[in-house]
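Each of the two complexes below includes chain A, the first together with chain B, the second together with chain C.
So, the complex of A and B:
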């Protein structure tokens, strides 16, 4: 088991390194290739040449790309110092550089956004797991019944609806037409739990609807497959109650693929629910990312992409470890 | 020993649900027989056929877009102040339901008065082009790399599988947005619309190939060990023949199914990217872009949001219904 864990952790680190290298390469090489000067983005177009040159030296934009990448990595691990002689700026670890547009450090900027994204993703995840799995199981057990057909039709509609449409539609109905909910105005949980909750209800439901649809379809398919397995028949033949057969034999192995998907989905969402956050004006990582992209703020884009990749890779790692624990065969592969 | 025609005759006599389970050998006899069985099953699946009809209708509409706009609509960037309520200064469409009338079939945009019908139809052209071509690109790459990984095995398999895992473990939407925002708006003299279509096809197609690649690889791994491949090899067939005459025909069904199912995903991705402002550049219409414009107005003019949203929904649903039906028809075990 230990060697399995070590191998997985090692793989995760390699993946993260590759993601940073690729992202770094693209965001610093492509602008250069099409003639955008990062120093100009940083300081604005009207500045005098001496100031631009100063920034260029300070940020190291003239260094070869691998040197810049090396410095970037060093900044994450140990912090770094920007200097061009007289002008020195210290950026403590984990340093992701300075925002081009606001001149702030990227790390604290992003740390502020994480709780919003976390609230959104975790709340929605609880909802979609409960709704998706229970409807999937009931549909599989009552195959062909009214509940099954209704649930699967809704689920099919759910996977075909874009989240930015359901988001707008649900605000139009529940906020503006019926007035059941106040206009979305996020407050941190620690400041005002009530407002935190009401501002997140619609985003949670919207996001959960999309994922619950996928999970219901998946759970149903997996359950139907396991219910046809020999060991389920054996369990029934032994005279076990239906409750034990379903709960202990069928459900457990039927849900293992769900664990994988759940890890990936949650990991991807934690890196920023770009669409949902933008529809509901929630200032999380996804909102920040889009803003940064609109302003050509490369360090922030790079930072968000990195955090997102970190969450995905981390979620993958957890899934792999949980899997190795559930199913010993995986460890040997 | 061609049992193709015979197999289809016996198939007609038995109930369609029993044919695969009772005589498992027959499915493997010939590709044609499977095709006929699948076609017969698909024809009975009314929901899938309805989905297919909608899909075909949309394709025809997209192809005939310029003609339809000339006959039933107005040029996509023509402003119609006469259709707007300018007296109150709101700039909202005149009349109920966002200004729907015989003159403007789906109403007009608030403030500009552009014809929504024309813009939806024109958007269909862009969306379907992006969705189909990017699906084609994903399928092409996915098949080539999946086949190579599954058939060659060894280090080729390790490298390709690693790359696929890596791409799947990547913040794709975020990355696509960022990439699209740094790429140039125009190149090869294609104009802003088709340049962006090209870039979108490339980006969406590229991120889609591992999904198909993994399935092709898995199927190839199991097919490679089957007796008919062994037989072919013992008869002296070269790798090329085994790949293209033995393996590929057997992979056609899953490839077809997953290509059909990746198209609706691509439609949603394209719309999402346009919604976020990195897709098709204005003033060229796109469904996602129209939804994004509607954000400012949906409180006072909800139809402007509902129309593009519903069009996306109907299109994606139709493709999903057809894809699901196709999968059930080609692979009876899936249900």
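So, the complex of A and C:
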């Protein structure tokens, strides 16, 4: 098991290095190749040539790409200094550079967004796991029944309707038409738990609806497959009660594939639920990302991308570890 | 019914057993009109090509079609004085793994991949001995592993199925099946998925344990050689029906049904070249959705219609314990064909 863990962690680190290199390359090498000057993006086109040159020196835009990349990595690990003669700016680790549009450090900007995205993603995840899995299991056990057909029809709607449709529709109904919920106005949990909760209800439901649909279908399919397995027949042949046969023997393997997809989904969402955050005006990573893209704010885009990549790689790592824990054939291979 | 009559009942008695499945393609009549019995401590062999209804029959005895909503079982299954087709789910569940147990063809897929072999045996023991604590159950499981010939049972207790070799896995499955001293053991092609070299060992093991535990055994196989060696009685199944039955020695030495002849002809024999050995019955098994009229074997039978026999009319179902055969050929003709045309080629 230990060597398995070490292998997985090592893989994760390599993956992250590759991801940073590629993203860095895309965001900084390509503008260079097509002749856009990042210094201009930073300071605005009207500025005088001396100021532009100063910025270029200070940010190191003229250095070779591998030097820039090296400095960028160093900034993340150990922090860095930007200097042009006596003009020195200190950026502590993990330094992701400065926003082109607001001149602020990227790291604190993004750190502020993470709790919003985290609240949205985790809350929705709890909802969709409970709903998706229970409907999936019941549908599989009562295959062809009314519950099965109703759940699967709803699930089909869930997978096919986009978030900006269900999100706006649910806002229109519950906030504006019925007035059951206040207009979404996010407050951190630490400041006002009540408002935190009410502002997140609709986003949670909207996001969970989308995912629960997929999970219900997946769970149903997995369970049906597992229920046909020889070892489930063995469990029955031993005289175990249906409760144990389903709840222990079938569920254990029926839900294993869910672990993978859940890890990936959650990892991806933690990097920013772009549509949901924008529909509900939640200032999380996804909101920030869209904003940064609109303003060509490369350092922020790069920062969000890296955080997203980190979450995905991290989630993958967790999935691998959980898998090894669940399935001895993986662990002992 | 008098008490005397109840006592006269065989240990296991199956009457007119029929199992059908409703599928999208139509109704699959997997087993029909099956009648046979088995005395305590005896061995019944069931042979037939794949798809002839052997597994469906054994699953019916264990009541394992009950969880399939598309399955319909009818007829009577008497285990001593308890009728199982009409018994409640809970009553049948209590018998499963307790008084009657089963081992399956492929021990790898029959074991849960996520639980240790030992814990699966412990689970089987404790469900029928609710008062027993984990430690005692563990000792019992290790004892069973040792009795089925698994070396270092203490250590192997904690291994998973995939860490066992094929033969050891099947031994472990046998340990799991026998952990509650079942009076009836059904072995559904227990050696088919194994290497030839371990097949004989597993069969020997089953025979030894049967003597030790005094259980009745239903040995399902498509290998008539196994039946000849192990079974007291034999059923030959074709298209979901019993088409020949009788004492194993007699069926083996004096087979009566053309299909049984075909099975004998397909048996491996030491005095033949490997290449010529396998000589399966020509043609393919019948569709169980549209069974051929009359004798279901007639499309493949070289003697169909011979000497004016009425192969296309319904063959009577087989009852009683004597050597019986479901074929319209008059017995003199049958004996003549066997002696003159079949035996020389076997």
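Following the convention adopted for this analysis, the second predicted complex is superposed on the first by the 331 of 333 C-alpha atoms of A that agree within 3 Å, B and C clash if a C-alpha of one lies under 4 Å from a C-alpha of the other, contacts with A are read in each partner's own complex, and residues count from 1 in each chain.
Just so it is clear, contacts are C-beta pairs under 8 Å (C-beta built on N, C-alpha and C of every residue); 3 or more make two chains touch, one makes a residue touch a chain.
Quick caveat: nothing in here was measured; it's all calculated off a predicted structure.
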item	value
First, second, both or neither for A:259, with chain B first and chain C second	neither
Chain A residues touched by each partner, larger count belonging to chain B or chain C	B
Which of chain B and chain C A:127 touches, first, second, both or neither	neither
Which superposed partner A:296 touches (first chain B, second chain C, both, neither)	first
Which of chain B and chain C A:249 touches, first, second, both or neither	second
Partner chain in contact with A:321 - chain B first, chain C second, else both or neither	neither
Touching partner for A:235 - first (chain B), second (chain C), both, neither	second
Chain A residues contacted in one complex by chain B, in the other by chain C	none
Residues of chain C that touch chain A when the two form their complex	62, 64, 67, 69, 93-98, 101-102, 104, 106, 109-114, 123-124, 127-128, 160, 162-163, 173, 176
Contact footprint of chain A on chain B as seen in their complex	165-166, 168-171, 173-175, 177-179, 181-184, 264, 268, 271-272, 275-278, 288, 291, 294-295, 298-299, 302, 305-306, 309, 312-313, 316-317, 320-321, 324, 334-335
Complex contact set, residues of chain A against chain B	15, 18-19, 23, 26-27, 30-31, 34, 156-157, 159-162, 164-165, 168-169, 171-172, 176, 221, 224, 264, 268, 271-272, 274-275, 278-279, 286, 289-290, 293-294, 296, 301, 304-305, 308-309, 312-313, 316
Contact footprint of chain C on chain A as seen in their complex	143-144, 229-231, 233-242, 244, 249, 252-253, 326-329, 332
